[in-house]
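Look at the two complexes coming up: chain A is in both, with chain B in one and chain C in the other.
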Partner chain A sequence: MKNQYQRFVLTRAGQAVVVVLLAYVLTFLVISVLPGDSITNSLRDPQRGLSEEEIQRIVAFYGLDKPVVVQLVLSLGRFLSGDLGFSLQSNLPVAQLIGDALPSTLALASSALALAVIFAVAIAYGAHYLPGKWASLLRSVPSLFLSVPNFVIGLVLIELFAFRLHAFTTIDTNSAAATVFAAVTLAIPVSAPLAEVFIASLDHESRQEYAVVARSRGLSEARLFVQHLAKPSALPAVAMVALIVGELLGGAVITETIFGRDGIGTLVQKAVTGEDQPVLQAVVSLSAIVFVAVNLVADLASPLVDPRIELREVVDA
Partner chain B sequence: MTSTLAITPFRRAGAGARRTTVGIPPTVVLSFLVVLVMVLWSLLPGMFTSFSPVEGATAGKLEAPSSAHWFGTDYLGRDLYSRVVFGTASSVSSALVAVLIGLVVGSAIGLASGFGGGWVDAVLGRFVDVLLAIPGFLLAVVIVSSLGFQTINAAIATGVSAVAVFARLMRAEVLRIRGAAFVEASYLEGGTLLHALLKHILPNAYRPVLVLAVLQFGTSILVIASLAFLGYGDPPPASDWGLLVASGKTYPTAPWLVYAPALVIVITVLAVNRISRWLRKVK
Partner chain C sequence: MYPPKPRRRAFLAGGIAIILSGLLTACGGGGATSTSNKSGTPVDGGNITFLIQGYDTGWVSSKTSISSYEGNLWGQITDKLVYVDEKGALSPWIAESWEELNGAREFVLHLKKGVTFSDGTPLDAAAVVANLNAWAKGDPARGVSKVGLFPSSNFVGAVASDDSTVRVSFSSPALGFIATLGYHGCILLSPKTLALPVEAQADLSQEIGSGPFKVKSWKQGDSYVLEKRQDYNWGPAALGHTGPAHLDTITYKVIKDTSVRTSTVASGQAEVAYNVEPQEIESLKSQGFTVGTPRYLGFVDGFQVNTESFPTNELPVRQAIQHGIDREEIRNTVYTSDWDAATTFIQGNVPEAGDYSSFFAYDPDRAQKLLDDAGWKAGADGYRVKDGKTLEFTLSPNPYVPSTAAEDELIAQQLKRIGIKVDLKVVDVAGYSAIQASRPPLFQTSRSFVDVGTIAGVLTSQNNGENWFNLGTSDQKLNDLSTAIASASDRESREKTAGELQQYVLEQGYFIPLNQLVQRLYLISPKVQGVSYNGLAYANFYTAWIAE
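Right, the complex of A and B next:
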């Protein structure tokens, strides 16, 4: 068993490294090979105001005068040694730009994650335990949450709470109140799939024999939920954590833009408009690393948390 | 993005046990009507409005919704309802293009993976892992920024970011059906691989794939609207729904400029999602 778990860990970790490297390569190819303005052309754009000398320096650093394969090897080599290059817009190291933007996005994403879990648990609990009409109403909430675009939620919240009720201002964008409303915007679409999974697993678990037995022992529904149902119902959601991290990172682009927050999302947005390929490459690769790492941890932990999962199946799958 | 839900084994396990409903629920009928209106708006926008979507009377700018201008007018006095109707074709059909790309490419990868097995499966499996590892919206943003800011490129980008979910579902379906007794029996009777694919696998896999495609259609409308909102679609005077919301938000005194197109997006996606859920339940 222990041996098997070691093999499982090694297989999964190996796969994770391969996926991260390939994600870097794929992103590089999308950015530099697809048609559209080449980097060298866009560097000569007079709006950038770069001198010929600066252009030559950038071309030499990124190997832009060499074939794409060489550029890729250079870029990947720097990435593996921890160098993310420098921004074509501000000339600052990309690592510094990301480091500056990260705390704000982490605050936003972690509060959004917490809110999403709270929303999802509340919806699922209500959908399972409230009487008929309310329950069916709550069951349709996830589908509603999935149908409203992120930017609409943000604009409605700003209109209602900033302009009408003055609960926060759109000027002081990093205040606690503004962060809460931005987090709600980001949390709503994320809470929908979580709630769906919670509802389905709660329905499933409460029909199991152990739940029937516990009820026949005279356990109240509330205690049954806390003592027996909550843990197994939450397990399927653990497998979704990586997916949710991806959603949070993607949603941050829109949410930060609307609320005027500085962060990874606005960094991406500025890099897109400013054709700042090194910044895009770094942000996308780092999000792939985060996604893969979270997925790996969830994968490695699941057989430990839930002994019903058979390792052989997981290894061969 | 979130549609991967539909293919987690957990949800699917209970799907067979659900009772089939007789007749079509009224909300589903309503949803089909909404989709019908969207199709008509896309094909014959001129039939539904007498105003031009690009020319307006500056005298009547920023007017609130009225019987003449159902959604009000914008800062150039253009009729917003007309702009929404004329924006339907590119907002909705680009989502259709995105789904088709995801469906065709993803299914091909899934089929090859499931049938090929061995190293083919391993290689394609890693490729799908890579696509899944990059957050869907971020991937779409990078692709569209590389291809250029146009609605068709936004559609391609959205389609590529949907390839992975289709590939995963198709692979799982192939593996499930390929092992069934009736497929093995067809091999025993001398049936070829192609025969098994056309006669057994595709007919049995089409329903879950269809459910995912409809769900993905709703998601794609949202993703493309988000890209248009950020300005990565066709530039004005095009009137993609996301772009309408983005340009409306600069006029806080005229909230209908945001709410009307936003409501059209929400109603359309709700209808599409409702149809998808209905398809998942009925036999």
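Right, the complex of A and C next:
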């Protein structure tokens, strides 16, 4: 049984490595297909007045004149040896750029995740326990949250709380208050699917026999929720966490741009528009690693939250 | 367990009211008022925050000092040998005086004494020679490119005759040399900085200049803090200010979103924002804000025409396009009264610019007649046809000047009226480089220069020229005019030739001007006074001060 588990972990780890490598190669190929390259594009700015020959000499310095396959092999070799290289745009080490941007994005993403969970629980609780019309109103909130674009929420919050109510400034982007409002912006669309799943499973669980029995024994709805329903209803939501991490990364691009935060999202945006291959390679690989790792942890954590899953695993093994 | 209903309702109503009132006042504007201290005496001290779209291309000077974004910061931390003002007039800066010898083949620069870089090393003749060599040749083996507009092809060398004198020689007349020293790419950097590998130059704190400000701290992609040099005493005399800058610090803060940048300044949380939407200028001005719309010396916003490709290989088609575009409608629709009409294909503040507007005046009837006479007959769909081919071409707006997208949409409608079909293809900066390489019939360009001699290097393919019109050397008159400008050794004869050249290029429809170009816009809080602009349309904050 222990061997089985080891093999399971090894297989999953192997799959993870393949996913990351595939992400790396695909990103490389996609950027190669785009016209031009980071260096040529910046040197071709009509303002600069450089001749084609002068441009080519600089392009050669960066090795961008070599065939794509050669560039890919060289780049992959450096990546595997832990060297992320230098940005083609700013000439700064990619590791430094990521190191500078990561704390801000982690602060944003973790507060957004926490807020999304709070929103989802509040909506689901309200939808379940508030009187009829309020409940149905709350049930439509997730659709509303999903349909309002992220940047609209961000701009309205900034207009209202930064420019009208002066709750935060758009200059001091990493202050606690500014981070909370950015996190709210990111949390709103992320909380929607979470709330929907939570509402559905709460509906399901509250009809189960154990809930009916508990109610018949005179347990208040609030205690029933906290003591009996919350945990089983949360299970499907936990399984969604991996998906949500992807959404957080995607949403961070827009949220960080609107709120002027320098993070992984804006780093990606700059790298894409500037065809900054080394930065893009590193960030995509990093995201792939995070995504794969979160999935792995979610898989391994499920049996701990729900004993039935662990039982099946053992039986299968 | 639940709050009583009336209270809940009141809370809900209150919340909606707050949101609505916020949105309503948002539409109404911030109500900032103008200060009355405009003509007051400058005050020392104070800090400003300057919001900018981004500093994405980093700090390797040979890559980025030309950029419309990074150029703003470079201008505060570095000096130049020569100052060029908004009207193209040259005046001394680090070069106290200069001599032009041997028919503009040799120059002697006399440098100001006692100038130092912010690390204490002297800005002497040896340092100037190192910079001149870097601008003229670059160092491709180290990834360092030359400065595009520097007269490199005839540059022989620069020698320090003593600590404060530099002799520069050229193999043929280089009338534009002194003007080029005022160009925003020709910034003086410490020789130590120039010698660093590009990866080390990417560190902004290693960029050592002699400007009125120096780098205090920076975080790439986020904020960049400059502080004034207390010992600075060598600003351009033309600016009418001596000694250190008035402002203590300038903080450049990156905010990507244009509307957030504008609102942040409008709400008083920052003092300057770069590049606002042209449509917002009127409303911001009415609230007391200053909007700087400096024009740089250079080419106007317009199209280089490929004379080899269909359909612009026909002179009548080129001339019909010249007269078929209503430039006034473009100014009224896309821009504001801050934009000036073009009178030729170079900006109006270039001293040699003449008035040749009759060669591209809006005259749809004349355009129609030109096409009729050339055999282009209206087809069933309203577009003209000849020999079974529709009169059409594809046009891409210039992504370096975002407002050109709206311009080109309008141009497509205008040319439709005279029977020319224009297909718009909007691309980003990366795609535009491919468009340029494919040599489309019309290529929209934006290019600054400090000396009219630069024109000679782009029109034909002579002397490795950029061959803008794809004529090679086939147009003898254009060759002669270009050569005359390039080899002129006195300004009077050159100005006369430049006039002939402008008329010829417009007559032949080689270049289709639109309007004078404003590529840099500054939204400035009413309390910031004394901002001036140089000939490259960058704001000088050396002279700026805060009125309380």
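The definition used in the following text is that the second predicted complex is superposed on the first by the 264 of 317 C-alpha atoms of A that agree within 3 Å, B and C clash if a C-alpha of one lies under 4 Å from a C-alpha of the other, contacts with A are read in each partner's own complex, and residues count from 1 in each chain.
Rule of thumb we're sticking to: contacts are C-beta pairs under 8 Å (C-beta built on N, C-alpha and C of every residue); 3 or more make two chains touch, one makes a residue touch a chain.
Model, not experiment: these values are computed from the prediction.
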| item | value |
| --- | --- |
| Chain B versus chain C as contact partner of A:V148, first or second or both or neither | first |
| Contacts of A:E159 with chain B and chain C, given as first, second, both or neither | both |
| First, second, both or neither for A:T257, with chain B first and chain C second | both |
| Which of chain B and chain C A:A192 touches, first, second, both or neither | first |
| Touching partner for A:Q71 - first (chain B), second (chain C), both, neither | neither |
| Touching partner for A:Q89 - first (chain B), second (chain C), both, neither | second |
| Partner chain in contact with A:F291 - chain B first, chain C second, else both or neither | first |
| Contacts on chain A seen with chain B and repeated with chain C across the two complexes | 34-36, 155-156, 159, 163, 257, 269, 273, 275 |
| Partner chain A, residues of chain C touching it in the complex | 1-2, 18-19, 22-23, 25-26, 30, 49, 54, 56-60, 63, 66-68, 138, 140-146, 148-149, 185, 198-199, 201-203, 219-222, 253-257, 259-260, 263-264, 266-267, 269-270, 398, 400, 428-434, 436, 445-449, 454, 457-458, 464, 466 |
| Of all residues in chain A, those that touch chain C in their complex | 34-36, 40-51, 53-55, 57-58, 60-62, 86-87, 89-93, 97, 100-101, 130, 155-156, 158-160, 162-165, 169-171, 173, 222, 257-260, 262, 266-267, 269-270, 273-275 |
| In the complex, chain A residues that touch chain B | 15, 18-20, 22-23, 26-27, 30-31, 34-37, 143-144, 146-152, 155-156, 159, 163, 189, 192-193, 196-197, 200-201, 203-204, 236, 239-240, 243, 245-247, 249-251, 253-254, 257, 268-269, 272-273, 275, 280, 283-284, 287-288, 291-292, 295 |
| Chain B - residues contacting chain A, complex | 1-2, 4-5, 8, 10-11, 14, 126-127, 129-139, 141-143, 145-148, 218-219, 222, 225-226, 229-232, 242, 245-246, 249, 252, 255, 258, 262, 265-266, 269-270, 273-274, 277 |
